[in-house]
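Two complexes, one shared chain (subunit A), two partners (subunit B, subunit C).
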Partner chain A sequence: MRRLLLERAVWLVPTLLLATFGVFWLIHLAPGDPAITLAGENATARQIAAIRHELGLDQPFLLQYWHWLTHAWRGNLGTSLNTREGVAGAIGHALPVTLQLVLGGLLLAAVLGTIAGIVSARRAGTSTDAAVSTLASAGAAIPSFWLGLVLISMFALGTHWFPATGSVALTSNPGQALRHLVLPSIALGVSGAAEIARQLRAVLIDILGSDHIRTLRAKGLSERRIVWLHALKGAAVPLMTIVGLQVSRFLGAAVVVEAVFGISGIGSLVVGAAQNHDYPVVEGVVVVMALIVIVVNFAVDVSYRIFDPRIR
Partner chain B sequence: MAAALEVRNLSVYFQTPEGEVQAVRDLSLTVAAGEIVGLVGESGSGKSVTALAIMGLLPPSVSRTSGSALLGDRDLLALAPDRLVKARGRDISMIFQEPMTALDPLFRIGDQITETVRAHHRVSRRAAADRAIRILTDVGLPDPAARVRAYPHQLSGGMRQRVMIAIALVSEPAVLIADEPTTSLDVTVQAQILGLLAELSRAHGTAVVLITHDLGVVAETCSRVHTMYAGEIVEECSVDEALLAPKHPYTSGLIQAIPRAEKRRQPLYSIPGRVPPLTAMPSGCRFEPRCEHASESCRAAQPLERRDGRAVRCGRHGELTLPGAASGVDQ
Partner chain C sequence: MREYSAAHVGTPDQDDSQEGTGVRTRAVALMLAAGLLLAGCGGSSKSSTTTSTSGATQPTGTPRAGGELTVADPLPPTSLDPILGTSGGDQMALYPIYDRLIDFNPRTLDPEPGLATAWRYTSPTTLVLTLRRGVAFQDGTPFNGAAVQFNLMRAATLKTSVEAADLASLASVTVTGPSQVTLHLKAPDAAMVLTLADRAGMMSSPTAVKKLGASYGNHPVGTGPYTVSQYVPNSKLVLNKNPHYWQAGKPYLKGITFDYFTDQQTANNAVKDDQAQVELNVALSDVSTLKAVSGLSVVSAPSLYIDGCYINAARPPLNNVLVRQAVAIAINRTALNQVFAFGQATPASQFYPSGYWAFDPAAANTLAYNPTKVRSLLKQAGYPNGVTIKGLGYQTSAEARLLQVIQQQLKNSDINMTFSLPQVATAAQDFFVSKTYNMICSSWSGRPDPSQTATQLMASTSFYNAGAYSPPGMAAALAAAAGDQSTPARADALHTVTALNQRYMVWLPLLNEPNVTAIYNKVHGLLPNLYGKVDVSFLWLG
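Up next is the complex of A and B:
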């Protein structure tokens, strides 16, 4: 376990360097100049140049990255070029909103996907299996923004069961927060549920045909115990892998879902920043996202060791 | 002696893309309490299918059985699914060839035994755990109190098979079906496991059906033997009769195929050809295409003739004198 942790920590450095440098470079390549925007409509060339100088934008690209990197290394993510707000603070406000949404989507995807996967694996080859598989294909194919719009028009504007937009922190008002979370979580989670169902079905069909499951039947265990305890534990390692992959996918997809539901999370923060060449904010978000993905991967690796004694 | 398990006219059919094929035809077999009966034949002769059919472990979506398998007054083949689940592991158990893949790799062996106990008896966790340690002691697993916490991959092949036997016998079933229980084990371990099965069968009065392709295993362990070929019983008799004076050319061929020290300068014997596929069964004697004694009359279907406590499915058995185990020895 300690070795794994050390290994992951060592990989963290090149991963973060590569991600932050790549994003920095992309922002640099993109057309537009934040100084012009900041200077306002009637600014003179001198005023713009002064702003560029003040922000360090007149320095060579590599030097700019180096400055950012040395500050970030010391824990200083800098301030937003546009709002002058501290990047850490801005992320601190937006991140919980997004994590709440990602967790909601993940929970939905895991529960729905697991149930659908088990149902179709146990009835493999039947019409039930075909129906579930068709639904899963549809779920994987539907774009989340479209699903979000449909959900809003049906269950928010149509029936008023759920609010159409906005979010509430789970810590401030759990009931309201959950009501706000339902529709965006569905919009975000359905494709993940479809993916989990598809993969779990294949894994379970394989496991349910294996020798040790036959032994369990031969010794008189109930089918329920065989499927939900033994087969599902056998499927846990691939299942955790897929769930872990969904986390990083959802962090990306949350951008779109947040836009549809008017949620001001990381997505809206980073989109706005990218449009304005606000590289400190974008870089800060990249660092945080990369850290989250790395932590999730680590957790997945640890879960392998919990579920499969042979990996210990 | 009363029969613990009586299989009558068992037939097994499989649905294939080419239509329905018959894997086992009209098989009857009886085992008394405390008796070990052998079921021998090559791979593909239908031994394992027979065992799985009796246990109700064949997938119902692609298979169909007829006949009966009487366990006391209950017919396993006609039992309602929930009652069959309850009978399995409690009244009739099965152990398998490959103990590594037959045990669940993710659960401690102690838990794999206690869950069997608790599936059939309303006992506390504690009592079930004690029972697990006792049965592991019975099957000769060293240091059972500590080993209950081991996972299957931490045990040797022989120990795993002992655990399989413990799982199968923990509820003291009347019948145990052992499907090639020693095939994947070293010869020395094989002898230990066979000895253990014989001992437990004697001690608890368990009726054992021992499935093997190895007549040597049968000779060591069984009192009677059923020879199976291409889904049919071709000969049934005591082990001594089978070894010394086989009446079916196939049984004789299997005996000749056992490697023996006194024949060490001769090439190993093997029966020419192979078991016919289920889709292309000969209409007459199924062994006829491979039989060196085949004649015109063998093209007709051969009934299983019973006489003097033994049975043989060969129309020419009266005119043939077939070599058994003794004939290979220099006389």
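Up next is the complex of A and C:
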């Protein structure tokens, strides 16, 4: 385990360097000048130049990156060019909101996808299997923004069961937080549930047809025990891989879901920052996202060892 | 004829004893008068400005204190430091935090007392302000001449101040009495009074500015009716009642929360779901949808906001005045109004809306659609087989639609316009700095003083005049509009500016858009202004 942790830590540095440099380069490659945005209406060339100088945007590209990197290395992610807010503070506001949403979506995807996958695998070849598979295909194909709009229309504006917009922190008001979380979690999680269901079905069908399951059946174990205790354990490794992949996918998809539900998370923060060439914010988000993905991958690796002791 | 709904707006004012009658101290009678007057001063241009739906039946009466309000707004402020913000929508967040030196009449935009109770030009280059006494900033710092001097000089001289251009004529400020300051101008500037009714006149606490430095924009301190409790840029602004506000009994609400939505549909959903009780800056395309919501009124009021195209008159083929004239009359504004603005705007031939004192009734329909004349002008200009121009717009769905309609209309007159829709910063750089396009079609949100609009759109030195082109006589007309104190003389000068623009076509007016607010009937006191930037400070819950 320690070796795995060390390996991950070693890879973390080049991964972050590559990701931050690549994003920095892309932002600078894109047309537009944040100094013009900040200078506002009726700015003179002198004002724009003054702003560019004040923000260090008149320095060579590599020097700008080096300045950002050396500050970031010391834990200072800088200040937003547009809002003058500390990047760490901005991410601190937005990240819990997004993590709440991603966790909600992930929970829904894992529960729904696992149940659907098991039902489909146990009744492979039947009309139930066909129905579940069709629903899973539809779930994978439905765009999250469209589903979000439909859910808002039906369950927020139509019945007023759930709020149409916004989010509440779980720590401040758990009840309201869950009410706000239901619709965006469904919009985010349905495609993940479909993916998990489809993958799990395929894996379980293989496992349920294997020799050791036949032996368990011969010993008289109930089908329920066989599926939940034995087959599912065998499917745990691929299942964890899919769930792990969903985390990074959901972090990306959250951009759209946050926009539809008016949630001020990391997605809306980074989209606004990218549009305004606010590179300190974009870089800060990239670092945090990369760390999250690396931590999740590490957790998935650890889970392999728990579910399958043969993996070393 | 313009219509204006006074329904569901206005509050009886309890504070007539206060010195001055600022924008926030109106009576119902004034509102009704405003409605009637505006209804009657529409000129000849046809308008289908949307009016309030059900608000006419709402009770007004005595304002009640208490309650909290949530406002949905698709335009987040770019900074809460008034001299650093760059969006035309910033004022709606700034008004509850800051008082301005000069206020304005919401109907006419005539100057009215604010933090300055009186003002007079003692010479064309000397403006004396008498300041209100007994006012303090929200952090306890006294409001006085030194604070005014600090704010104005900061706005005029800070390198990153976006107000420096508006205060270009300001040479210095001296404190000339216990409650008096004198502004010394480099040149006569009649627009200075109303310049102080906008961002430049919003007074920040000098103590807070000095203490907070660059982060002041996230922790603003004014003298206004609300203090900032929480601000998450681009997301949320939470305001609490200022218990020491100088207008006794005001504000009425305990707090206001602005929720900012980058997506207009999401803002609509928030108000439809009653998560927000007011939605500012409603898109014209959403008016009919919101009108159908029970208990919600949609208030549409005339504003200075105008759709139009900024032209680079130095770049071929639009360096030829005949081609610019051809483009101007190749656009069918009546059709554009129907397709782009859903019939809710007014076709425009000048910068100012009809009814406004700077509007020239004699030049109301000068830029009427005339395809025959377009072909004749192109032929005279040496383009008998048509001409190609490069257009630009900002990357929003509304502007994409605007550009598409214009492109099709121009094509019908053999003017082929290609166009791009980059992000705002990119488009601004491409057009105003790199100058690589012929015209950018967007909008102008107006200024409290018409000279400001005229100067910023027409002066050869202005950022917005990408071709740095000045028609003969324009500089003199602009100087006359800013240099004279008399309104009729200024109006004459501004009419000359309008005539010169219509002849030489430096800026292409298209449609005057109304400002639309959606508000639940339980919320009272809405007072739209001609500036098109709603002040929610003194709303109250019934």
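Heads up, the rule we're going with is that the second predicted complex is superposed on the first by the 311 of 312 C-alpha atoms of A that agree within 3 Å, B and C clash if a C-alpha of one lies under 4 Å from a C-alpha of the other, contacts with A are read in each partner's own complex, and residues count from 1 in each chain.
By our rule, a residue touches a chain if its C-beta (ideal position, glycine included) is under 8 Å from a C-beta of that chain, and two chains touch if they have at least 3 such contacts.
Note that the structure is predicted; figures quoted are calculated from it, not measured.
**Student:** Since both structures carry subunit A, what do subunit B and subunit C do when superposed there: clash or fit?
**Tutor:** Fit.
**Student:** Just to be sure I read the superposition right, which of the two partners does A:G234 touch: subunit B = first, subunit C = second, or both, or neither?
**Tutor:** Only subunit B; A:G234 stays clear of subunit C.
**Student:** A:A259 contacts which: subunit B (first), subunit C (second), both, neither?
**Tutor:** Second partner only.
**Student:** Quick one: name whichever of subunit B and subunit C touches more residues of subunit A.
**Tutor:** C
**Student:** Touching A:Q59, do we find subunit B (first), subunit C (second), both, or neither?
**Tutor:** After superposing on A, A:Q59 lies clear of both subunit B and subunit C.
**Student:** In the overlaid three-chain picture, which partner chain does A:R214 touch, first (subunit B) or second (subunit C), both, or neither?
**Tutor:** In the superposition, A:R214 contacts subunit B only.
**Student:** Return first, second, both or neither, reflecting whether A:G125 touches subunit B, subunit C, both chains, or no partner chain.
**Tutor:** In the superposition, A:G125 touches subunit B alone.
**Student:** So, does A:D308 touch the first partner subunit B, the second partner subunit C, both, or neither?
**Tutor:** Touch status of A:D308: first partner only.
**Student:** Taking the C-alpha centre of subunit A as the vertex, compute the angle to the C-alpha centres of subunit B and subunit C, in steps of 10 degrees.
**Tutor:** Result: 160 degrees at the vertex subunit A.
**Student:** Between subunit B and subunit C, whom does A:S133 touch in the aligned arrangement: first, second, both, or neither?
**Tutor:** A:S133: touches no partner chain.
**Student:** Going by the contact rule set out at the top, does A:A50 touch subunit B (first), subunit C (second), both, or neither?
**Tutor:** It touches subunit C, and subunit B stays clear.
**Student:** Considering only C-alpha atoms, give the closest distance between subunit B and subunit C in the superposition, rounded to the nearest Å.
**Tutor:** 49
**Student:** Residue numbers of subunit B touching subunit A in their complex, please.
**Tutor:** 55, 57, 61, 85-90, 93-94, 96, 98, 101-107, 115-116, 119-120, 151, 153, 164, 167-168
**Student:** Using the touch definition up top, name the residues of subunit A that touch subunit B in the complex.
**Tutor:** Its residues touching subunit B are 125, 210-212, 214-223, 225, 230, 233-234, 307-310.
**Student:** In their complex, what parts of subunit C are in touch with subunit A?
**Tutor:** 78-79, 84-86, 88, 159-160, 162, 164-166, 214-215, 217-218, 232-236, 259-263, 265-267, 269-270, 272-273, 275, 422-426, 428-430, 432-433, 456, 462-464
**Student:** Quick one: in the complex, what on subunit A touches subunit C?
**Tutor:** The contact residues of subunit A facing subunit C are 30-34, 36-45, 47-48, 50-51, 54, 79-80, 82-85, 90, 93, 149, 152, 156-157, 160, 163-166, 259-262, 264, 268-269, 271-272, 275-277.
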